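Presented below is the structure to which this report refers.
First chain written, first letter: the chains are A, B, C, D, E and F, and each begins at residue 1.
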Amino acid sequence: MTKVNIMKNMPEKVIIPLKQHDGSICEPLVKKGDMVCEGQKIGECGSYDSASVHSSVSGEVVSIEEAPHPSGNKVNSVVIQPSEDAECVDFKPKDVPVSELANLIKDAGIVEHYGTPTHMVLKPEGKNIDTVLVNATSSEWIGGHYDTPSQYSSQVLDALKLLMKAAGASRGAIVLRNDDLESISAFDGLNFDGKNITVAPLVGKRKVKYYFKDMASDIVVVSQDHIYGRKILDLFTYNVTGRKVSFGCDPTDVGVAICSVKSAKALYDAVNAGKPYIETVVSVSGKVKDPQKILVRIGTPFKDVIEACGGYIGEAGKLIANGAITGVAQYTDDVPVSKTTTSIFVQSVDEVVRGESVACIHCARCVDVCPVNLVPSRLTALADQGRFDECRQMHIMNCVECGRCAAVCPSKIHVLQLIRYAKSSIEKAYEDFAPKQSSTNLKLGCCGGE
Amino acid sequence: MTLTTLLIQAMATLGGLGLVIGIMLIAASKLFKVETNPLVEEVVEVLPGANCGACGFAGCADFAERVVNENAPLDGCPVGGFETVKEIGGILGQEVSEAEKEYPYLRCNGGIHCVDRFDYVGIEDCTAVIMLSDGEKGCNYGCMGRGTCVRACPFDAITIGEDRLPIVNKNLCKSCGLCIEACPNEVLMFAKDSEKVHVQCNSHDKGKAVKAVCEIGCIGCKICEKNCPEEAITVTKFLAEIDQDKCTACGICVEKCPQKCIEIK
Amino acid sequence: MTESNRDIVIIIGKLVLISVVASALLAITYVPTSEQLKKNYAEARTATLAELMPQAAEFEAVYGDEIINDEGDREILYYRAKDSSGNLIGYAFFRQHPGAQGLLEVAGGVDVSFNEVTGMSVMSHTETPGLGSKITEPAFRDQFKNVKVADLSLSKSGGAIDSITGATISSQAVIDALNAQVEVIQVAEG
Amino acid sequence: MTFTISAPPHKKESITFNKLTLAKIIALMPVVLLSVYLFGLPALGIVIAGILAAVVTEVAIQKAFDQKITIADGSAVLIGLMIAMVVPPEVPLWIPMIGSVFAIGIGKHAFGGIGSYVFNPVLAAWVFLSLAWGSIMAPASYPQTTALSDLVLETGAGVMAGVSPLALLLAGCILILLRYVEWRIPVSFFVTTILLAVLLGDSLSYVILGVVLFGVLFLATDTSTSPVTKNGRVIYGIVCGVLVVVYGHFANYVDATFYGLFLANCVSALIDNNTLPGSYGSETYLQRKYKRILSKVPFKDRLEVLLDD
Amino acid sequence: MAADVSLFQIFMDGVFIKNFLIIQFLGLCSFVGVTKDTKSAAGMSGAVIFVMALAATVSYLIYSFVLIPLKLEFLSLISFIVVIAALVQLVEFVVRKNIPSLYRSLGIYLPLITTNCAVLGVVLLNVLNEYSFIQSVVFGVAAGIGYTIVMLMMSGIRERSTLVSVPSSVRGLPQAFFIATMLSMAFVNYFGVIPL
Amino acid sequence: MNALSEFIRGITKDNPIFGLVLGLCPTLAVTTSIENAIGMSAGTAFVLICSNLLISALRKQIPPSVRLPIFILIIATFVSIVEMVMKAYFPPMYAALGVFIPLIVVNCIIIGRAEAYANKNNMFYSLIDALGSSTGFLLVLVLIGGIRELLGTGQIVTFGVQIIQLPINPITYMILSPGAFLTIGVLMAIVNYRKAKKLARGG
């Protein structure tokens, strides 16, 4: 297990975006010149689809302005200059009743790595959650904050219980990756709640429901192949539970809440240490002198993080938040680490992919690699011509944005970019009347095509 | 066989055939009657048939139906031009008068004069660039020059020029406005040929911010506003706007503008 | 369509009227033209026969048993060609045969000993213009002048006739027609 | 420091179209060399004439229509080379040249160039030449692969593409393993042809003629003219196989390859349009049937998991 | 002579060897007009098969039982075309009433089957070849199937072609003709090889 | 409306083949040689002129609901008459054209012009329209026929006179059906290209 370093140097200033989640932007609770403490709430929004924002350092608010955000767009942010003289509060464990857990989560500003505030996932308005899944299949989040695998496994299980409590769900599962033997061995044989845990593989039609029954337990640990992509929630839900999510819906519509290890840990800390979500583990890789996993304060600019990792090697050509396959390229290294930042990847100028795209040669390599049976080449052509309705009928909304199609294309077509273009246009067009009824019979991402 | 018998037989045969067919067709037309408005079909006839949707309806036939049955405006089809409007008017018995033709006008002269914040690799499309980050150009209001409008135009009327700004070929443009709709930054607008003077900038940023990213952007200095003898110019939110009804195309503002961002055609 | 019954009658009446007028016109045209056609047909046949066997002075029709029209005429199987002194110098015939696109009608002549074909002529055909239609052209037809019956096959199969490029089917059809009819006559004449 | 911005993914495989064509050209080289050995210098002349005409046509057309000149991608060279390989080596030089002009001008650019054409330009050119000058295009001999040595060097081959089945097979297999060439089409093609040939009583040696291998590995797998869906490619291979065997059974397998694959090109788009995959996770027809049968099985408690929820 | 032509041969002739669209050039207007998408092409083809079979039947009856006995063969052209016109108009009425979507997509082309050379072609060829009743009907259906096959191929290719870049001056009709060139090349020699 | 411009329109803008895209079947089927092209155009022109005149004359009498059958009746009558008369009295000409005459019935140009023009205009203009369309049809047919004959046979022989001979190996392909499609495809692409150029220049 890779060791997580803690970033020691205090950054010159931290930039805390007032919106680090999908939903409404927070109103600043401070103004220029105010002194703030570490952990102090500095932004809040009354509406349910929002998560509070806290200061990650003690210091002085130097400005509240539109600043770069790792999502690519500029967002209203609080810029704080750390200073020694600000007094600090100690965090105290909180004893909260179950009914208050969701509010605690919102208040602690816990957000899933994919952007949705965690309380929205656990307690969606008007929906019931019966199963909570902790997704530990993505390498970046495993082991963050924990010193040993055993500590990690029991804490995650505790966190899962908390999540289930918060959601009012009866069942929960931790989903590991088949090739992450370290974690598997950490869970295997673990005694939890008087039961021995066995890590069970998800194969074929043997979904998690089978293991709940087979092991006569409400909490199971399962493992599956690594799937990746930005929009894997629906696919993940289907692969793990067999439930299909229809167009315009999300897993909560079929009673499934998906949390990351990271938010599970944050909830654990919020309850057991009273600590809001102010620091996160970021794995820094690529062309930096000392690639590592590093615990940083939210709001730390990328350049300070990279500095802490020894700085760039040579001239950097591309700075990517969240990984080389699905991440967002940044145009400046002044962007801050936000709650949804999991990694920073640096490419040198020569490594930047700039293949000029030529016409699609219908080689079908993209078709062969697509994990959700799409025909990316055709979707691309349709998207390029603005024929979004036909894209929709070809299940474009199923795309998990894994980028494999674009990676293998010999014509260097910007396949994924075009697909996302079409998806965003379709979403815009359907915003107003998305069919929000939930059903387990609907096909995964079935978008009215049939 | 004599000519007479042949004649009679032939006439009887074909006449009988005609009779049978006539009766059959009339019967069928009664049996399978479908109500159609002949006016609609006439209007469809005169429409250009491009089915481009510029009228805002689902194709030419739909537009025709709306014009006839739901009083949609006669000049709803921008593609057909005045000829079509006149013909529709003729069919529906309405008087029409010709409006002056409008063409898309680009309110930005940035192009290569405006700095790029980064180096973009991806599909040639302004909306796509904006999806990735707020846009490639230093100015968030200006033209991206990635040609979303070019792709939107069904008549191939727009090309991107040397200076990375779109050029509209007025011979090909049918004033359908699809490009204007498509532009993510709303820098295109309709302008009549008779409107001679235009501000070539769309930036509402403060003067300093404009100067930092663009050599020729409007900085909102109000010199033009003060100098215009017709009081046709107002500067709102750091951007000059010309009231075309008042403008006499005297050209004074063009001369006075320190940034040279007012154009006279 | 909101015609009253009266309108319907008028419409049908007009339809019938036009049909009747049209058929009358056609019938009136048909009678003289069909006469002329028969004449042309006979003339064309005579001319072709004469061309195939220039030495012959008279062609004696050999009738089959089948009755082909109301007047009780019987079908003509072939002609015996006789010179001015009445000697039998050969046989001439017309033969229909399927070509590449439709029926061909081929005329041919053969000498008394069934040794040589005297010539060939295509009376009618519906072959592809530019391809099969070349069977009417002299370049193809002239190959059949005085060709041995034994050599009556395509050069591909060792015969004396070069087929038309791209129209082997038509070329073969002409040859087949001649061969078949020569055989028929041979059998009939013993 | 100016950063680059692009949509994900930020890492891509290094494969390019140019590499694909280059690999195919290299893969064909052994066969070209063997045929020069077999047919002598005229074969070399044909190759040069074909390639030259293809490249010149490509440049001329792209100049005339203000397009980017793309001879560097090797597609014109590959087309010219393949045309040289499918005409008999004893034809006059203008035959491959006109073939190349037709292939590039009509077969490729009239349909929109790389990726847009629906009919393989090489096949189109071969059919054109055969229809235009049938007698010139008839090969001097049709191969009769009988001995094992014929697989290495087929002396009876009438065209260059047929001189060495083994060299073609090796080249094709390497390309398939490198994933430069699609595997579904050749596999389903060979399964089909072998089954059909056995059924019709044709000698199996015809199925592995050099020309047939060339056709299947290099022409049928032309990406632009074959379906992109997975099922579509399997079906396409079967269609190719059936069409080649039918013609080959009645005539010969050399012409059959070209005519059959060309005819298969005509239905490729139709196959493609009708085999678009359904939504991920939706049941196929067979799965539904399977489920219904299972639900009738009495001892289904252990099988139940397969039924999902 | 027609009696010795096997039904299989007539069928193959109609479907492939003498394919109406791309070998005989009959019915081209709908070929280039209604093949932009597979649905319309299939609908049009269905209508054509139906009309062809019907026309072959009716025209045979009229020809053998009215025109020949009365020696009015010279009226064959005019009576055939009138009968076809009436049939098509009937089909049009029915389709317009019952399948409006199909009617809309076939647009002007449905009435145009009337003068679709292909339908008249079937009838005239039946007479020319002296086909018997059963042969006539088989030929009519075969011609319709041949028409359908080519229409489907064409529409599949044209549908796919909308996804790729085609030079603007080739887009539309010229492209349709280029595709037709290739289809025709593929058909012209292939099926002749099958012995009938 | 001016007679000359109506006439020219039939050759250029409303050219039956390139403008209206009507009557493709005979265009492709008979253009294996210039001779056939001329013959077909002549037959078509005769029927087109006669039917346009007659339909224009009768246009007020023709009930709209049975318009089509009546047009067809009229056209078929003319075609049959032409066929019979020619067969009987001009056998050599019939020999050259015979095959194509019945095809005229279904030539979309005739019914198309009847419907689009003669049914709405007076006899004089209908005549001019028929003349214009016929001329346009003739020119295109001769062009296509010329190209196909020259390339396909290596020479052009019209009414027994050899006009030109090329020192090439005849391209049989051009005589076959694909050659017809190819020729018209290339010609149409050229026409489109020129149209687009003209439009962009503001013509």
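Heads up, the rule we're going with is that a residue touches a chain if its C-beta (ideal position, glycine included) is under 8 Å from a C-beta of that chain, and two chains touch if they have at least 3 such contacts.
Keep in mind that what you see is a predicted model, and the values were worked out from it rather than measured.
Following the contact convention of this document, B, C, D is the list of chains adjacent to both chain E and chain F. Farthest from chain B in terms of Cα centroid separation is C.
The chain pair sharing the most C-beta contacts is A-D.
Of all chains, the one whose Cα centroid sits at the greatest distance from that of chain E is A. Once the centre of each chain is set as its mean CA position, chain A and chain E turn out to be 60 Å apart.
Chain A and chain F have CA centres that are 69 Å apart.
Chain geometry summary: the mean Cα position of chain D and that of chain E are 32 Å apart. For chain F, residues that reach two or more other chains under the stated contact definition are 65-66, 69, 73, 76-77, 80, 84, 172, 176, 178, 182, 185-186, 189. Residue positions 74-75, 78, 82, 86, 89, 164-165, 168, 170, 174-175, 178, 181-182, 185, 188 of chain E are each in touch with at least two other chains.
Annotation for chain C: residues 1, 11, 15, 18-19, 22-23, 26-27, 30, 34, 126, 165-166 touch two or more other chains.
For chain D in complex with chain E, the touching residues are 65, 106, 109-113, 115-116, 118-119, 124, 127-128, 130-131, 243, 246-247, 250-251, 259-260, 262-263, 265-267, 269-273.
Residue ranges on chain D touching chain B, taken from their complex, read 2-7. For chain E in complex with chain A, the residues that touch the partner chain are 162-165.
Taken together, the chain B residues at the contact with chain E in this complex read 1, 6, 9-10, 13-14, 17-18, 21, 24-25, 28-29, 31-34, 61, 156. Interface residues of chain D facing chain A in the complex, by the touch rule stated above, are 1, 3-13, 15-17, 19-20, 70, 73, 112-116, 179, 182, 223-224, 226-230, 233, 276-282, 305-309.
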